[in-house]
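Both complexes shown next keep subunit A, but they swap its partner, so subunit B is in the first and subunit C is in the second.
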Partner chain A sequence: MAEKLSCSIVDKIKAICDKFDNKPGELINILHEAQHTLGYLPMEVQAIIAEKLGIPVNRVYGVVTFYAFFTMTPKGKHPISICMGTACYVRGSEKILDEFKRTLGIEVGETTADGKFSLDCLRCVGACGLAPVAMVGDKVFGHLQLSDVKRIVKEFSED
Partner chain B sequence: MKISSVEDLKKIREKASVLLSPREEGDKQDSSACCGLEKGTAHMQILTCGGTGCKASQSHLIAENFKKLIAEHKLESKLEVITTGCFGFCEKGPIVKIIPDNTFYTQVKPDDVEEIFTEHILGGRRVEKLLYADPKTNKFVSDSKHMDFYRKQVRIALRNCGMIDPENIEEYIARDGYFALASCLLDRTPEAVVEEIKKSGLRGRGGGGFPTGMKWEIAAKNKADEKYVVCNADEGDPGAFMDRSIMEGDPHSIVEAMEICGYATGASNGLVYIRAEYPLAVERLKIAIKQARERGLLGKNVLGTDFSFDIDIRYGAGAFVCGEETALIHSMEGKRGEPTLKPPFPAESGYNGKPTNVNNVETFANIPIIITKGADWFASIGSEKSKGTKVFALAGKINNVGLIEVPMGTTLREVIFDIGGGIKGGKKFKAVQTGGPSGGCLTEKHLDTPIDFDTLTAAGSMMGSGGMIVMDEDNCMVSVARFYLDFIVEESCGKCTPCRIGNKRMYEILDKITSGNGTVEDLNKLKTLAGVIKDTALCGLGQTSPNPVLSTLNNFYDEYLEHVKDKKCRAKECKSLLTYLINPEKCVGCHLCAINCPADAIEGSPRKPHVILFSKCIKCGMCMSRCKFKAISVR
Partner chain C sequence: MEHKNISLIIDNHKVVVPEDTTILDAAKSIGINIPTLCHMHLKGTCADNHPASCRVCVVEVKGRRNLAPACSTKCADGMEVKTSSIRVIRARKTVIELMLSDHPNECLSCPKSGKCELQAVTQHLSINETPFSGELSLRKKEMTASIVRNMDKCIYCRRCETMCNVYQSVGALGAVGRGFNTTIAPTFDRMLKDTDCTYCGQCVAVCPVGALTERTYTDQLIDDLENPDKVVIVQVAPAVRVALGEEFGNAPGTIVTGKLVSALKDIGFDYVFDTDFSADATIMEEGSELLDRLSKFLNGDKSVPIPLMTSCCPAWVNFYEHNFPDLLHIPSTARSPQQMFGAIAKNYWAEKMQISRDKLVVVSVMPCVAKKFECQRPEFATNKNPDVDYSITTRELATLIRRANINFDALPKMEFDNPLGESSGAAAIFGSTGGVLEAALRTAYELYTKKPLPKIDFEDVRGMDSVRSATIDLNGFALNVAIAYGLGNARKLMEEIRAGKCKYHVIEIMACPGGCIGGGGQPLHHGDFEIIKARQKAIYEEDRNMPIRKSHENSSIIKMYEEFFGKPLSQKAHELLHTHYSDKTIKY
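And now, the complex of A and B:
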């Protein structure tokens, strides 16, 4: 985590804070935009934001770790999210998740060593008619069966 | 064009009605005849569903393909493609509806567009294979009003979803949109508006069921230099998607209702707190706010009066607890979404310490129509203590997954078996879960309970935001309880001990039971713990978190007993209690199971019956799903 941020990234983060007038009340909006720009929110970024807003860095850290949407580790090139909403759960999403874990060899919240895939759970995509559902990036895969998992991983392994 | 009077609104309504009235007529008239341009039909409309569910099945490409064909045939003056909000029948999505003959096409793929275009739009012949086939009669039904799924529904909050283009303010105005606001600003005092809402009997649709009019009254009475109206769009219940669909399909109704609320309570600031996971709803809401501002229907001096009101959007970041009012307010202030003790209620001291009125999306969606049609009309619908309708997201092991709206007092049986079409695959109904992680599981014996706020609570569940998940005989109720506890453990904010530690302990006990290590003593411990958490947790989330455990313990105690005494899971869901077996009489030795087994746990020579090595088997079920000869069973 001790990697040094490049100057351009530091400037970008500062610009985001300025855009929201450096108001502490806008912290969540600022974090959303920073994560959108960087893909994740490492400690260094949190420190810059805290300094700009004039609040202790522990408050920023407290917010980042409180909300499921924010992450401190970079996601894979193809982030895979398995819907664990109730509708998907009762239609067998846990088995699908197990199969993804086994196929990729990683646990939930981890990224494969080659940086291609990361695995997460999410709560309800809202496509309950397609349950069980998984998302790879923005693409939704519905009516999943165990045998679909390897095919999906293969499809994205190639690029 | 700025709208500065009711006359201006009427002009727009008249203009846009040309497009809207064929859609409205289609829902009333007989529509058995099929229209087509070659048959002399002058103008046709193609409605495609633009909701998240259908978009996941590429509905946007369907609209694109239609537009391409229209351009190729130079038929722009005769045909119109309109992307609407959710039609509700998600199981059969993507939906395409053709106006004026009201044909309802289901499960349309982008490749089907050409056939619909040539056959139906041009030729005037319906494409039968894309029509809905009634499972009881096996006959094709072309009009949604004749489908069981729609017949018992009364769409009030969803009145514009699937009807109008949510990105076109004029279509909303054509449906009497913003007339309620005009009537409030020009003809009524704020007190009269509060009185009307009170009289309607509307109760909060977010879950609590607190009377909306009373909430407004309290906020109105608190004097302050600044007040806030907040729309709670942080739909956290996994499996509920009604708020999202309303925002996607009818965003202007939320804008209008928040303004009416602002007028009634004396607030001039509106905030929508919305999940960042709902990009489409955010987008549609932003467009609606922008359009309303441009037309002078939002911002300074609305409709030329001295009432000013504006709306800002705040994003949630994935925390279930933020559905709780005080937590939501802290989150909007850029802090951790931890709840605080009430009182003080937000109506006294909320956002930035100012009086704040928080209502849920569906609650707001009911407001404009109550003003337009009157409190008496609204109060005539529903049950004695719960007026109006409720939207439910029907999902799980049910034939017709979708978004439905029924009058309060409708029974669970009508919802599950008439509208929902019964259980998938002819399986047996086991339970229905209402109220999300704070609710409970109801059984066969509750099926004839009329649904309203009070009956559901009396039955040991709750209304919640309206998630309704149906389970069949293949669902293990102990696993379901564990699933909800897992959710609660993850979502507990950690502020109070009963919720943070108590729920974790409950989860561990449930995990122990589903792993086959539970004892009868554990069941008693669960009950005691649940009682303590219910009595002592700080906020609504904690106090209701034991509900899934308590309701399953009450209604399915024998299933719990089987898990701890006989080490058996009758639904065959708890992995540790299962054994996979190959029937040597059915196995032909095709080796397919062994190839697919991720644990190399299947052995056997070609064309000879295979065997599963129990020591290696990880019970993933892959072999069973792959066997073409049904030779593998689970015990």
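And now, the complex of A and C:
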């Protein structure tokens, strides 16, 4: 379980629920906004939302686990996303992904122990001409080669 | 609003049904049973599951391109339906074959074998091989004191989810994940024991396959029965005797009390006693508690907790300990009849018989799976020796009778042993919704007014509506009572109490549909609420046939108070017959 949330975060989550009139039908919108605020959806946040909406926690958890977009693990300071769209894939993005996994020692959906990096896949960022593409935060890296991976990780490690 | 009638043709039969009827129900009304694995509706309750997810009930509708799921397709005027055309049968077969593709083939040793709905449909469709063999779904297994979860066998019908969330409002089980990895699991993939699960067992009662079953204690029981150093005694709950017969081909609502006693003697119990005896004791304690609270209340003491709520149902006890820690002073402190029996047997009776506690094994036969958890609560043990050693369900008893090669139909009728076998009609009705309250009223009325009841039957509190209320005249005082079954209904009443808006003085709560007669440990009803209604009818018949119908007139109870407890609510009674509750809120 994640560490206790601070009061201000609890208040923020409650305010998001209030903004949507605590309607159970707004659950997905509420989860979107909560994840946008916090970066992830820990158990405590799901429990707060369930209570505010007057629905069982398992309903919230069911939705969170159903949609790949929602995550229960906090993202790293520098979230890395590898494009797995068709163009990037045929240009070898899977090998790039494997290299990131090896370099960082984590799997897709995980975060490094120091909280610096997290690894995800995404589908097409609209930069197919640069394939294979990876994003770190909102910065795009194109024409990637295996040797670029260590360099990128090093560049952000120092940040 | 009046429903318009419409007519349609099902399998060449004309059928007239009210508008809004599903094809499934319309077919049933003319005796055509369309197979289904997910659909379940206990009519008259909110236990209504129709996700149309199993696709077994598909039928052919003339003019419609694809097959229609009968459970969720409404009839239309002039519709022509075929429930078993070649196309339908082929589709059903494929659906089942796909279900079997990741289903563990453990039918020979599966606890649900013979009662499994998937097995029944597979046989019905003459599926003799499994053409698709896919990856197996491997899930976490769990064994709690009451319930065993083996979700490898789950077919995602969502019935358990409906019972847990909609009917009980507990929310311990729900769908998690997506696609092939979907599973029905507790929140955050915890173990059931770390959730708000009340062990009501309604998930077990409706599971079509062997994914959710009760934890069985029959092997332990057989070991104890074999052990010459042990004295093994048994108590049987009121709802068991009106349901056990179903396991042996008797019609629902057949009363088999006498045969049940015979069977238990044949199995080898040293004494066969009756939970009805301790139900009478429960009324003595709970009825006195009610009068005590009421008289203080009427004398102007506004701090006394009103309403008094019954505390016999172990799932209900778990529910308020988990969800209403601020209202723990509201329910009666009286232990349930199962636990009163255990305490009486291991103290009063054991002392009388000079049997030491460690040699005495107390077993209960219950319509319930939560009772298995209840008897393991640490507060009901002395030096780790529990008052009730373990509890088996009505279904487990039937298994045991079959295993012992007993011809149930041919058994003679026998009487319970005494003194813990004498009981009143008031105790008999504990098995039905409204029964505990009526039993308490019979005693409380006479103790309060000091006059005999003009009419023993309190018809106003009977019935099968899931929330009922009545006003009883107690010497000019209007006593407002309410009865509810289903923890979802209980939650609403508790929220009214919390908000200070409750007008009732006494409330009876039972978790299961219709009370204990619809318990999680009873013979499976397969969604037919009429079976539970037949059991209820039998319960009131059992009551009418009793020579004594009020708990305070049970001579063995009177004698026990004289010899041992003194009077209801005495210090000794508090020690052995009452309990306390604690905050068991789950933290996330």
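Here, the second predicted complex is superposed on the first by the 158 of 159 C-alpha atoms of A that agree within 3 Å, B and C clash if a C-alpha of one lies under 4 Å from a C-alpha of the other, contacts with A are read in each partner's own complex, and residues count from 1 in each chain.
Following the convention adopted for this analysis, a contact is a pair of C-beta atoms (placed from the backbone, for glycine too) under 8 Å apart; a residue touches a chain by one contact, two chains touch by 3 or more.
Computed from a predicted structure; not experimentally measured.
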| item | value |
| --- | --- |
| A:G129 touches, of subunit B and subunit C: first, second, both or neither? | first |
| Touched partner set for A:V10, first subunit B, second subunit C, both or neither | neither |
| Partner chain in contact with A:E44 - subunit B first, subunit C second, else both or neither | second |
| Subunit B versus subunit C as contact partner of A:Y61, first or second or both or neither | second |
| Dominant toucher of subunit A (residue count), subunit B or subunit C | B |
| Footprint overlap on subunit A, where subunit B in one structure and subunit C in the other make contact | 59, 62, 66-68 |
| Residue ranges of subunit A in contact with subunit B within the complex | 23-29, 31-32, 59, 62-63, 66-70, 84-87, 89-91, 95, 98-99, 102-103, 122-131, 133, 140, 142, 145-147 |
| In the complex with subunit A, residue positions of subunit B that touch it | 52-53, 56-57, 90-93, 236-241, 244-245, 276-278, 314-320, 331, 333-337, 352, 393, 395-397, 401-402, 433, 436, 467, 469-471, 475, 480, 483-484, 487, 490, 493, 596, 598, 620-622, 625-626 |
| Subunit C residues touching subunit A - in the complex, by the definition given at the top | 165, 169-178, 186-188, 588 |
| Footprint of subunit C on subunit A - complex, ascending | 1, 43-44, 46-47, 55-59, 61-62, 65-68 |
